[in-house]
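Chains: A, B, C and D, in written order; residue numbering restarts at 1 for each.
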Amino acid sequence: MTEATLYGLCSAALVGVGLFGLIMHPQPLRKILAFNLIGGGVFLLFGAVARRGAAAGLGGDPVPQALVITGLVVAFAATALAVALLLRLFQETGRATLGSDG
Amino acid sequence: MLGSSLKHPAMADFLFAAAGLVLAMVAAGLARILWGPGDADRIMAAQLLGTGGIAALLLLGEATNVPAALDVALTLVLLAAFISVAFVKGATRSEADGA
Amino acid sequence: MAFDIGLALLVLGVGAWTVAARDTFAAVVGFVAYGLLLALLWVRLAAPDVALTEAALGSGLTGGLLVSASTRLRRAETRAVDERQPASLRLAAAVLCTLVSAGVAAIVLLLPEPAPTLAPQAMVNMAATGLGNPVTAVLMAYRAIDTLLETVVLLLALVGIWSLAPDRVWGGVPGPRHQAEPDGLLTFIAQLLVPVGILVGIHIFWVGSVAPGGEFQGATILAAMWILAMMAGLVDAPAVNRRWLRLMLVAGPAVFLTIGLTGFAVAGSFLAYPEPHAKLLILMIEIPVTLSIAATLALLVAGPPERAPGR
Amino acid sequence: MSAALNGLTILAVCAGAFFFLAGTVGLLRFPDTLSRLHALTKADNLGLGLVVLGLLFQAEGLLAALKLISVWLLALLAGATVTQLIAHTARPSGPQA
């Protein structure tokens, strides 16, 4: 097994773990965390694909690597927006959950 | 990135092994301390993982000939301090919110 | 290989712990550790550019954002704890996630052999861009449209955050006013770190044309240093209705778009650079884009306005 | 010349790894949080310093050496002051203070 395959399998497991957290945690902040965990897994999959494409004196294919950089920036923007929404919700209602009770 | 190097191959192997060892040590400590009772313990745990992680990163960069590992290490040091300050400010603000 | 297996297991373990931890703050700290390990992993995958982005943005800035949010939400979170889901739901979720993981793993194992790659094309055409770093060449030349749209996405996210401001502080100043203590420890550390950080940020931006680095990584460090200075009370956040701030935010995308449109006239298509001047044009785009991204990222972390604009 | 430098590198890196080991052992064996953290901070910063020293013998060029030294200095300074700051915030609100 090559290191690219190894890290690819690691990314598959991370996506599953993150998805589980996204489904099971009731707190929005935990969901945001889980979303970022999944993101890490997906980016890692791109990394494994890039590593497999090592050629022309490069350690990896630069195109998926650049896509990951773009993805990280967009994931950050989404996270910042989600956190801001959550903090506003907390300010308005004193609660940080989305439950319909209360 | 993959420039030629005059480094002895045994040297690269040694540095690589050292990187693995340091990382294993830090991981063992991390498992213990993440369980720690308070927030402060945990944020310090992250800081300490940072120190070991940076050492491992420097060793790895030298072993596999990635000079940019130095820039990654500098970035990590700066951002680790940033996170700690964010924690301190957030903790004091949380008290102010509650008052 | 032993190193790689260990690192992969460590990343997985920390990731699982982030999901499993009962305390939200502990989970956030786990996430910061996860980011640090991923940065190491990217170095192993021969992607130092991504390692830099992960260290600065994925772990660093995101980590700071989540750490301060979780400390502020502390009491609400502890109150909300233990809305445990029923066992049947947990089981169903576990099965679903295992299936998704198995699916992704199957994709990894069934990837075509030999692996398709664009690395040779990226290298062959790099001379025309005048750049020495293929990842920067992808970001600024081959797929410049992605990068242009990305800067716009950042701005849109910022507009979304600003629109969360209550009416009475509309267009006001984000975050609380932090008081500087002249002899305080925080002031000391900020006065020390901020100048060094700005130097490192500029360095990483500047070497990006020939070595790992670039505008996003450099801009993230600059943004972190600006927020550090704000938190230490060295500077105050600007009111978001300030004209200079708005100009700074849109300057990058605007210059990018203008040079892109000029491409129609001088090189035949959108975002095409005339060959002898490619590097100069890319630099002319990168400098304002870096400043705009740095300002946007910092304000994304600072959040919606909380104080009236004043004056 | 290069053999001597390599020897120095191996020596310093081994010493550094030893301090990381000592820090972890201390962490696992000391009784309370404060002394654990105290020991670990010292040992880890020393470990990083020795690793940096070892790598300095391999550094190619002044810039790389400068970066290595700044990594250590920044880690040391930021670590020390930030630990102080955290201790200040932790004390009044700590649950078992």
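Quick note on the criterion: contacts are C-beta pairs under 8 Å (C-beta built on N, C-alpha and C of every residue); 3 or more make two chains touch, one makes a residue touch a chain.
What you see is a predicted model; the values in this text were computed from it and never measured.
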{"item": "Between C-D and A-C, the pair with more C-beta contacts", "value": "A-C"}
{"item": "Most distant chain from chain A by Cα centroid", "value": "D"}
{"item": "Whole-Å gap between the CA centroids of chain B and chain D", "value": "10"}
{"item": "Chain centre separation (chain C, chain D; CA means) in Å", "value": "28"}
{"item": "Computed distance of Cα centres, chain D from chain A, in Å", "value": "30"}
{"item": "For chain A, residues contacting two or more additional chains", "value": "57-59"}
{"item": "Chain C residues counted as touching two or more neighbouring chains", "value": "44, 46, 49, 61, 65, 69-70, 72, 186, 189, 193, 196"}
{"item": "Shared interface positions of chain B, touching two or more other chains", "value": "1-2, 39, 43, 50, 67, 71, 74, 78, 80-81, 85, 87-88, 91"}
{"item": "Contact footprint of chain A on chain C as seen in their complex", "value": "1, 4-5, 8, 11-12, 15-16, 18-19, 24, 27-28, 31, 34-35, 38, 41-42, 44-47, 49-50, 53-54, 57-58, 61-62, 65-66, 69-70, 72-73, 76-77, 79-80, 83, 85, 89-90, 93-94, 96-98, 100-105, 107-109, 111, 115-120, 122-124, 134-135, 137-139, 142-143, 146-147, 150, 153-154, 156-157, 160-161, 164, 214, 216, 297, 300-301, 303-304"}
{"item": "Residues of chain D defined as touching chain C within the complex", "value": "70, 74, 77-78, 81-82, 84-85, 88"}
{"item": "List of chain D residues in touch with chain B within their complex", "value": "2, 6, 9-10, 13-14, 16-17, 20-21, 23-24, 27-28, 33, 36-37, 40-41, 44-45, 47-48, 51-52, 55, 58, 60, 64, 67-68, 70-71, 74-75, 78-79, 82-83, 85-90, 93-96"}
{"item": "Contacting residues of chain A [partner chain C, same complex]", "value": "3-21, 23-27, 29-30, 32-34, 36-37, 40-41, 43-45, 47-63, 65-70, 72-81, 83-88, 90, 94-97, 99"}
{"item": "Chain D contact footprint on chain C (complex, rising order)", "value": "185-186, 188-189, 192-193, 196"}
